[in-house]
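Have a look at the structure below before the remarks.
Order of writing sets the chain letters: A, B, C and D. Residues in each chain are counted from 1.
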Amino acid sequence: MIKGKKVVSQSFFPSLLLLVIFFAIMGVMNHGLTLSFVKSLILTNTPALCLAIGVTVTILVGGTDISLGSIVSLVNVVIITLAGLGYSITISALIGLLVAVICGVFNGIVIGIMRVNPLLTTFATSTIYAGIALWILPNPGGSIDYAFAKWYMGGLFGFIMTPVMLLILLVFIWAGAIRTPFGLKAYALGCNEKKAYASGINVNGIRVLVHTFAGLTAGVAGICLTATICSGSPTVGATMSLNSIAAAVIGGVSLNGGKGGIFGAILGAGFLSILSSIVVAANFSSYSQSFIKGLILLIGVIASILAGDKVLKDKIKGIFCKGGAKS
Amino acid sequence: MSQAKNNIMIETLKNSYTPAIVGSILLLIFGRVLSKGFLSINNISSILMMTSILTMASIAQAAVIISGDSGLDMSIGAIMSMTALFGPMIVLQSEGASVAVMVIAVIVMGGMVGLINGIGVQFLKVVPLVMTLIMSSVVNGFSIFITKGQPAVSVNDALLGISKQLVGPVRILSAIVIILLVLLEVFFLRKSNYGRSLFLVGNNTNAANLCGINSKWVIIFAYVFAGAIAGLAGLMLVGYAGTAQMNMASSYTMLSVAAVVIGGTKLTGGKGTFIGGALGALVLILIATILQALNMVAGLRSLIQGVILIAILMVNSRAPKLRQ
Amino acid sequence: MSLEIKNVSKHYGAVIAIKEANMVVNSGEVRAILGGNGSGKSTLAKVISGLVGSNSGEISFDGVPLDFSSPKDAKKHQVIMTSQELSLFKNLTVEENICICNLPTKNMMTNRKQMKERAKDILKRMQLESLMGKLVSELAPNQQYMVELAKAIVQEPRILIIDEITSALYREDVEIVDEIVSELKQKGCIILFISHRMAELYAMCDSVTIMRNGETVGTYPIMDKTEDEYLSLMIGSKIESYHGEGKHQEKSKRDIFMRANHIPIPSYHTYEMLEIGKGEIIGIAGLQGHGQTDLLQALYGGFGKINIELDGKKVTVKNAKEAVSHGFAYISGDRERDGTFSERNLTENLSAVQELVKHKKIPNAKKVLDELHVKYDNQNELITSLSGGNQQKIVVGRWLTASPRIIFADDPTKGIDVNARTDLHKEFAKIANNGNAVVMISSDDDELVSITSMVKTSKVIVMYEGHISAILEGNDINRENIFAAAMPINAIPEEKGAREDDKR
Amino acid sequence: GSGDSTKNATTESTDASEEGFVIGFSNGYWGNTWRAQMVEDFEARCEEYKEDGIIADYMVSNTESDATEQLNQINAMIDAGVDALIIDPVSPTTLTSAVQSALDKGILVVIGSDPAAYEGTYCVCGNDAAFQSILTTWICEKLGGKGNIVSITGEAGVGTDILRQDAAAEILAKYPNIKELASVPGRWSETEAQSVMSTYLSTYDNIDGVLTQDVMAEGILKAFENAGETPSLMTGDTVKSFLTTWSEMDDFDSIGVTYTCGFICTVLDVAVGLLQGEELNESALVANPYDKNLKNTIMLDPTYVVTREGDQDAVWMEGHDLSKAITLDKALEMVADKADTNFLDGWLSREEVAEAYFK
């Protein structure tokens, strides 16, 4: 699909580079990466990757979604509560998924049909979803059959892990969707809403669909997270929303819409995960850790933006090979 | 003639403050119905105090939002927390002098963070949301790094004095903020060349550049201004709270965005007011206060808060229809 | 088969945009809609194509009422409009843009192959095959307007409304448009053609409906009346148009006002030099995208530091701010991008330079607006509530109030009606005659011929591939010479070598 | 060699003391001074062990309540080859996968400071129930078993807060004439608590006492001050600035119970002891607060209970023999040379820990 040479010019390239570099650093620091480390990395961060996908599609159409983390909490609580009431894991998980999709649809309706700003809408709905989660399950607790975790940690053919399968599934759904006319229209909408409307594009419909899909990703994230922790925690997703936006941007997704794709977002989220580990592995003093992490993040983002910005690149080149234009 | 009158009527009704004002009045009535003491001088006074601090945060936020180019400052809470920690550490012989120096120091500190934000956004082309989001973790990290998480803060009496009663429900802090608000709105935002340039730059950077306005610096200064005001807000917060905690202001970031939007400012830039943000702040604080007065479980409270917010946004902040 | 518009009215708040408009257009007819800026042409187009709703009246096609709830709805009935503001998406390719309204599918998936074929077909007809695969953001403005048209054609319109796309087009583009219009006409398509360029209207249209103040004042077979007669109908009083050909002053010695020896043209990596005399108007001609805009931008500090000689003194211009301080002005025809502050009111838009950059007051904003004949309701309304042409007048007015010494103007009259355009030319001439200078690009060669005839010293320079390929003076300034210089036949094989030589 | 560290620890303790253990500490919240002081205590204790050559190195990671980040940090520590993991969890229920992979590698896992229940781990945590029971009993007793109180709790949905609310409810049930007018989260934030208290003061005119947890006391006092009222009874805090304010207010009575930052030292002591192959007293282990069937927990009772009188025999001290009642003056003396934001702190010596919990 993507030709080798072209990779370098893709918007996700900087994030790919960052991810590779940081993996290498991690490898050097720990004298090689163990399989179990990589495995836990995947198990732990699949929810974050799912959300990065979800938030990216909303950003692509010129919106955003900061309620996905709260949806994750809600899904977790729903699954645990239903399991506690004696429903099977499968049923509980599917209902959890359904709840997430409904949350997404609600976001979509408020944003698309009621035309309220996406950032604020999802700020408000995140309060609502988090509230419902806390209302249903005021206390962290409850548990679910360990078979769930086994299923999650296990996988098909022994080596493709379940979380990877789930991610591939989400990627497939989206990749399929953007190959239908919907895809081009979504990118068009992300570029300019008024022109999209004038071009006969169903603006409302696309927004609703996109937020629905984002809800779905949060649902999958919630299922994965629940399988990781095997228990309920009403506030567990709270911090995930903003991280996912950072991941998207590192992955070359333009917050103005219409540019980038979920592939970059996945790489961006991967980078963020490995960053958390690196800061620990480097064993910085605990007081400097968050400061250093912030700085690395800042440098990473700037680097990825510089790498993707032709004009700036040329400028920098110009500084190094002076006189190219003048003499 | 009557047509013209009608127009004026419509203009006033369409005034972006109207929903916030109507909302506040409704909420006050609602609060009074729920609890007898809601309109007591003391409660109003305390609502005004909290509103004042959020107002400061929203002034900062509004400046950045107006500056356009998807401007948003997600570091306001972090800046406030930082100056709340470091500000009170300044101790001189006289408490009054300490406060004076503190004010300058927090403005400078906040302004510095704003400068970095601005440079990141304008020169390094990092999207504002992300630049300021990351700066907020850098700033929080910095506070922990420097204080080792153990700030030696004791807030002096002069600073604590901002909670003193002035007239009726108005305390010193609210009075300062109201005066500051009006001054900034009128002389900074509306009348000053800078403020007017800010609107133009926020609306159409390219056109502003061609007019000879240096849009880069206009935008950078908006972040500096926001940082400085947030810095000041942090000092006010610690004066109000009496003690400092790490990250004590983190919730102010999103609240300030919400306040600005409820106050009628569009997130697209080039448009907006500080006063609207103040009204938005009042609405948000009233909602929070009313919900506190209702005795209910936390989850339900948060649910209702979100629903009210959505309702306000739907009534107040809908984008115009695409079809006219 | 006919399109019938009966008593259609539309108002935006208190502003009446169309008032009881009436017209009947028959199948296979190309109908020009002619009117001053703000006379309601675009609004009428938008009402017909479903983009805005009307307040009253009826539109019917073949006796069947058309009452579209959205552009999508209109498109279903093959009623298509090209937009004066363009409806292209810069992040998509040309072929994606062309087909976006009606993407071909295969098993639900977008059939990219078929999409490309469709786009290619139409682009071939327009001699624009080379645009295939490019992003719209990479295209020159005239190419974008052509793609906008292609996007409409591909939808196989039964009613096509072309709203001023030709104002950014060059002669050869317009010829293509002409061909396409005749093809459609043959198929029985109804075409409404909105333009301010009389020559085109005469060439392409069968009949014309004149609009004034939102009303349709009359419909005539196009050949029935002269340009001046139409102009008078538009304005409502008798008026004569101005043509410059043959009226130029002979070459004369000029006092050098400004000289720039090393002007970068980044699009072609070339450099040029330019001398501007006191009181001179310099017209810049050439096919779109041959470095004209670069030349002006560079002089205005748009590409970083540039050394110039001004009044015999060496000065450098680093950016627009410095340019303004030297008394330069830059007027762009790309309103949306370079001109208007859409969220601000008329006064603010007008005072941006004089008050905020030059720190002087504008004593009487109303007077300025009236002098430019801006059609407005009150000074505190948003600029977007004005019609396109009136918005442009305010952008021009912004600079006129700042009493500039040199005006750099890039197609400044784009979308301005004939009458206002003449007014503007007179303003420019007045400024030049006061010892200042005007350097102006126009996509309309006629305009350059006219304006350069209005002052004592003038010239037209023609650009080709980043170079000045000809400098015309005196009576050499005419359409034929400009056209010839814009496409130097033997320049093509040598282009590379020539370019290299010029890199000093 | 991380795969067999448990075995290492139990059988070759001499070997370990040559090389030393590597200890990892993952702290799940990092937003207040209390936590900072805890990390400081932890690092100081680690340095002591390092000097003695018992531990070779230690790693500390902090996260701002981000469960995923905590898991990443723990995984990184596991991969870096720690011998023991001490975890102060973001939430009592989010650790399953990390605990599992640590245990798979034979790493000792001790949940510390705040509790969580995981099979195969130890839990050494503060006794939230005791903490809140003392506070609640105190206020009920001071009111003479009759009156109206308002509650300001911690953060909704957080484990610690829930354990404390449960304990408070249990005690309140014993005093039928004490009426809880309202209960609202103050989110362990001075400003939030101040705002909640202001609302209370305007909503109710019959408040006899305020029941709250730590951290929020000063905000509540400020609300009273701003309303021009003086509180008479309020459960308080042991942060220096509050203790000072309290000592200056004559008509006001309060109590401070430590949920001691220094507990973390004991957590570390226990972890090191276990690594060295020592065995815990059966009697030391009690049921986990989150799982009555899991007897893996050492409950650390509040170190100090500060009242004006410092009465060890007071009713609220019943059943809390390990907590030491001290007077306000004594407490002030103990924090005299500390920063204003410091909490009254204290920890058992290594010998005391060995004595109390190990065979």
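In this text, a residue touches a chain if its C-beta (ideal position, glycine included) is under 8 Å from a C-beta of that chain, and two chains touch if they have at least 3 such contacts.
Since the structure is predicted, the reported quantities are computational estimates derived from the model, not experimental observations.
Chain pairs B-C and B-D differ in how many C-beta pairs they share in contact, with the greater number at B-D. With centres computed as the average of Cα coordinates, no chain lies farther from subunit A than C.
Mean C-alpha position of subunit B lies 43 Å from that of subunit C.
Per-chain Cα centroids separate subunit A from subunit D by 35 Å. One simple way to say how far apart two chains are is to compare their mean CA positions; for subunit C and subunit D this gives 73 Å. Counting partner chains per residue, subunit A has residues 134, 138, 197, 234, 289-290 touching two or more of them.
For subunit B, residues that reach two or more other chains under the stated contact definition are 140, 144, 148-149, 297-299, 301-302, 323.
In subunit C, the residues touching two or more other chains are 51, 70.
Under the touch rule stated earlier, the contacting chain pairs are A-B, A-C, A-D, B-C, B-D. Touching subunit A in their complex are the following residues of subunit C: 51, 70-72, 74-75, 83, 86-92, 96, 100-101, 103, 105, 108-110, 151, 264.
Those residues of subunit B lying in contact with subunit D across their complex are 35-38, 40, 42-43, 45-46, 49-50, 140, 144, 147-154, 163, 165, 171, 237, 240-248, 250, 288-289, 292-293, 295, 297-299, 301-302. Taken in their complex, subunit D has these residues touching subunit B: 30-33, 35-37, 39-40, 64, 156-157, 181-185, 189-191, 194-196, 198-205, 215, 218-219, 221-223, 225-228, 239, 241, 339-342. Residues 110, 114-117, 119-121, 123-136, 138, 193-194, 197, 203, 234, 242, 245-246, 249, 254-256, 287-295, 297-298, 301-302, 305-306, 309, 312 of subunit A are the ones that touch subunit B when the two sit in their complex. Those residues of subunit A lying in contact with subunit C across their complex are 176, 179-181, 183-185, 187-188, 190-192, 195-202, 258-259, 325.
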